[in-house]
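Each structure below appears as C-alpha cells.
Across the two complexes that follow, subunit A remains constant while its partner is subunit B and subsequently subunit C.
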Partner chain A sequence: MIMIADISADFAKLGEYLQRDFVIRALVVGVLIALCSSLFGVTLVLKRFSFIGDGLSHVAFGAMTIATVMKLTNNMLLTLPVTVICAVLLLRTGTNAKIKGDASIAMISVGALGIGYLIMNIAPSTSSRTNLAGDVCSTLFGSTSILTLKPFDVWLSVGLSAVVIVLFILFYNRLFAVTFDEAFARASGLKAGLYNLIIAVIVAVIIVLAMNLVGSLLISALVIFPALSAMRVFKSFRSVIICSAVFSVACTALGIMVSVMYGTPVGSTIVAVDIVGFAAFTAAGLIKRRV
Partner chain B sequence: MKKILIVLLCLVTVLCCVSCGGKKEPDADTSKTADTQKPADTQKSADTQKPAETAKPANTSSDAIDVDLTKMNSTMVYSEVSNMLSEPEKYIGKTVRMKGQFNASYFEGTGNYYYYVVIADATACCAQGIEFVWEGEHNYPDDFPKNGDEVIVTGVFGQYDELGITYNYVSTDGITLA
Partner chain C sequence: MAQLTVKDLTLGYEGKAIISGLDFSVDAGDYLCIVGENGSGKSTLMRTLLRLQSPISGTIETGDGLRRDEIGYLPQQSAVQRDFPASVREVVLSGCLSRIGGRPWYGKAEKAIAVESMEKMDITHLAKRCYRELSGGQQQRVLLARALCATRKMLLLDEPVAGLDPRVTAEMYSLIKRLNREDGITIIMITHDVAAGLDNANKILHVGAELFFGTKEEYLASPVSRGFSATEGGEA
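Right after this comes the complex of A and B.
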C-alpha cells in the first residue's frame, strides 16, 4: 500500500516536472536524437563501423574544449564542422592511408580526448575554474546537459534531425545496398564511396547532437543497443530499422523520465534502460526461436 | 532533378529552423523589472567578524512558492537553477525557495557586500550561486549566518542593473538556518 502511494507520488512529481520548459525540450531533443541514431545505427553495426561513432565522439569532445577556450557562444558551431571533417577524413583515407582501419580510428579517438583534456587544463579561461573536473565529467557522461538546453540548441537539433531523417528516407534503397553488399553495389554502378561519405557525415552530425544527451563516452550505446536489440527479434532490414527506432525512442524517453523523477544522471540512466531493453529483446528472441 | 529536390528540401528545413531559432519572444516581465533597482545594501567593514547564529525566518508560506528547490532532486535542482540563470526572464516575479551554503563576498568596485546561496549540482562537483538581497536594515556580519552555513532562503526572483550589467537576485525578507 505504501509502495503504491510512493509510486503515485513519484508520478505526481513527474507530472509537475513535465510542465517545465526545459524538461519538454530535453524529451523532444532526446527522442529526435534517439530516432536518428537508431536509424543509422543499424547501418553502422552491419558495416562493422560501430566504433566510428566512438572515435568521432572523442573528436567532438576535443573540438568542444577548443570552442570553450575560444569562448564561443555556441560550442556546436565549431564542434559540428570539425567532427564532420574528421568523419570524412577517416573514411576517405581509410583505404589508401598507411595507418588503416581501426588503428586510425583509435589514434584519432584517444588523440582528441587527450588533447581536449590538456587544453582544458592549460587554457587560462578554463584552467582557473574550480569545477573543471565537473565540466569534463558533464561533457563525457552528459550528466545534465540535455536538461539545460537553450532554445537555439533545441531548434538546431530539430533542424539537423529533420535533415538526417529526410536523407535516410530518400536514400533508403541505396543505403540498404551499400550496407549489405558494397562490392555488388559498386558493380551495379552505385557510387558506394559517395554513400559511405554521406553515412559518415550524418553519423558525425548525430554524434555532435548526442553529446548533449548522453555525453561523448556513452554515445556508442545509442548507436549499438537499439540495432542489436532489434536484430535479436527481427531479421529483415526494414523491420530491424523500425524496431530499432521504436526501441531507441522508448528507452530514451523512459530514461529521461526516470532520471528526472529520481535524480539520476541522464546519460547513464538512458544507457541502463537500453541494457535492460537489450536483455528483454534477447530473451524474446530466444523464445521466438524455440516457438 | 531528384538530387536538386533533396538539396532544396534540406536547405528549406535548415533555414526554417535557423529563422525560428533566431527569434526571441519578448517577455513583458523583463521590460517591467529590468530597471528594478537593487535595494540599499548593508555595507559594513569586515573587521567585525561576529557571526550571526540567529537569523530571521522567512514568512512565505509553502503554498505560495512557485519554484521550490528544496523539494527537488539534485538533477532537477541543477537544471532548474541553470535555467533560472540562462533564461531569467521566465522566472521574474516568481517566488523561489532555495537551500544551500551561505556565502558573502565584498566587491571593491561598488563598496558593497553581496550575499549568495551556493547550490551544489547533481554530480556534487559544480556549484551555482544565486544572489539574494535581504530586505530591510541588516548588518554584515552581525545579522547574517557564517560563510558556509546551510541556509534556506525564500523570496521573489528579480533583476537589477549595476555598472551596466544586469544581475539576477532573490529578494527575501528572511534567512532560515537549515
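Right after this comes the complex of A and C.
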C-alpha cells in the first residue's frame, strides 16, 4: 500500500514538474536530439561508423573546454565547426590513409579528451578553478545542462534538428543506396563522396547537440542503442528506421522524466533506459525467431 | 558502332599499372567473358568500366545509344550486406537510383520497373522477405533484379556464381543466358569458371601477362587459353 501511495505521489509530482518551463524545454530538446541521432544512427551502425560518433564526442568535449576558457558567450559557436571539421577528416581517412580508420579515431578522440582536461586544469579561469571536477563531470556526463537550457539553446536545437530531419527525409533513398552498396550507388552516378560528407557533417551536428543532453561520454548510446534494438526485431530498412526513431524518443522522454522525478543524472538515466529497451528488444527478437 | 569501345587502356592503382595496352570492343547483344588469374586486374578493369576509378591512360567510350550510367552492375558481395536489414523490394528499388535524377523519391514508373525486374528474376514472392535471410542464389537473383532496374542494355557481372553450389550455379548461368538471348542484354562477365563461362560467351577477353581478345573459337585455338586452362585444371 505504501508503494502504491508512493508511486501515485510520484505521478502527482511529475504532473507538477511537467508544468515547468525547464522540464518542457528539456523534453522538447531531448526528444528532437533523440530523433535525429536515431535516424542517422542506423546509417552509422550499418556503415561500421558507429565508433566515429564516440571519437567525435571527445573532440566536441575538447572544443568545449577551449570555448569555456576563451569565455565565448555560446560554446556551440566553436564546438560545432571544430567537430564538423574533425568528422570530415575522419570519414576521409576512413577509406584510404596511412593510419587506418579505427586507429586514427582512437588517436583523435583520446587526444581531444586529454587536451581538453589539461586546458581546463591549467587555464586561469576563475569559475572552473573552484569547481573543476563538477565542470568536467557535467561536460562528460551532461549532468544537469539539459535542465538549465536557455530559450536560445532551445531554438538553436529545434532549428538544427529540423534541418537534420528534413535532410534525412529528402536523401532517404540515396542514403539507403550509399549505405547498402556504395560501389553500386557510385556506378549509378551517385556522388557517394558527397553523401559521406553530408553524413559526416550531420553526425557532427547531432553530437554537438547531444552533448547538452547526455554529455560527451554517453553520446554513442543515443546513436547505437536505438539502431541495434530496432535491428533485433525488424527486417526492412524502413521499419528499422521508424522503430529506432520511436525507440529513441520513448527512451529519452522516459529517461528525462525519471531523472526529473528522482533527481538522477539525466544522461546516465537515459542510457539506463536504453539498455533496458535493448534487452527487451533482444528478447522480442529471439521470441519472434522461435515462432 | 560498338556499345563499348576500349582503346589503349592502362589501368591500376596509384599510378602502378596492372594492365596496359588493352583494346577491345563490345557490340549490342554480345556475351563477353573476362578471364584471367587472381590479381590479373579483372576486377580493376570492371571498376574502371563502371567509373569507380579512373584509368591511368586510354579511353573508354560508349556508343550505340548506351549512356555510361546505363550499365547495370552485379558486384561481388561485400561484408556490409550480410547483416543489412533490408527487404528484397527495397534492394531492387535502389537499382532505379539513376532514373530519378534530382527527385528525392521513386515514382510510379520506377516502382513498375522494380516489379517487372522481380518478375523476370522470379523473386516476386520474396519481395517482403529480408535480404540477409535469403540463400546465396536468391541473393544473387535480387542483386541481378536490382541491376536490371538500372539498365536494359548492358550488365556487368563480377563473379556471379562465386560461393554458389553447382545446381544454383547452373540456374544462374541459364538465367544470365536468357537475359542475353531473349532480352538482348549485353553481358560482360568476370569469371573464374572458365569452362562454364565459355559455354555461353561469344567473346573472350583474357587479362594477365598475355592479353587476348577475340571470339570464343579464336580463344580456344590460341596458346593463351591452353596455358590458362591447364593451370586452372591443376588447381581443381
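Methods note: the second predicted complex is superposed on the first by the 286 of 291 C-alpha atoms of A that agree within 3 Å, B and C clash if a C-alpha of one lies under 4 Å from a C-alpha of the other, contacts with A are read in each partner's own complex, and residues count from 1 in each chain.
The definition used in the following text is that a contact is a pair of C-beta atoms (placed from the backbone, for glycine too) under 8 Å apart; a residue touches a chain by one contact, two chains touch by 3 or more.
Model, not experiment: these values are computed from the prediction.
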Superposition on subunit A - do subunit B and subunit C clash or fit: fit
Touched partner set for A:L170, first subunit B, second subunit C, both or neither: both
Which of subunit B and subunit C A:G189 touches, first, second, both or neither: second
Subunit C, subunit A and subunit B - angle at the middle CA centre, rounded to the nearest 10 degrees: 170
Touched partner set for A:A204, first subunit B, second subunit C, both or neither: neither
Partner chain(s) touched by A:R48 [first = subunit B, second = subunit C, both, neither]: second
Touching partner for A:S236 - first (subunit B), second (subunit C), both, neither: second
Which of subunit B and subunit C A:A87 touches, first, second, both or neither: neither
Contacts of A:V266 with subunit B and subunit C, given as first, second, both or neither: first
Partner chain in contact with A:D181 - subunit B first, subunit C second, else both or neither: second
Minimum C-alpha spacing, chains overlaid - subunit B and subunit C, in Å: 6
Common ground on subunit A, meaning residues reached by subunit C in one complex and by subunit B in the other: 170
Residue numbers on subunit A that touch subunit B, as the complex places them: 17, 20-23, 131, 133-135, 137-138, 143-144, 147-148, 150-152, 154-156, 158-160, 162-163, 166-167, 170, 259-266
Complex contacts: residues of subunit B adjacent to subunit A: 2, 6, 9-10, 13-14, 16-18, 20-22, 24, 73-76, 78-80, 82-83, 86-87, 90, 121-123, 125-127
Subunit C-touching residues of subunit A, taken from the complex the two chains share: 46-48, 169-174, 176-177, 179-181, 183-190, 230-231, 234-240
Touching residues (chain side subunit C, partner subunit A) in the complex: 47, 50-52, 68-69, 71, 73, 75, 78, 80-81, 84-87, 89-91, 93-95, 97-98, 100, 104-106, 128-130, 133, 146, 150
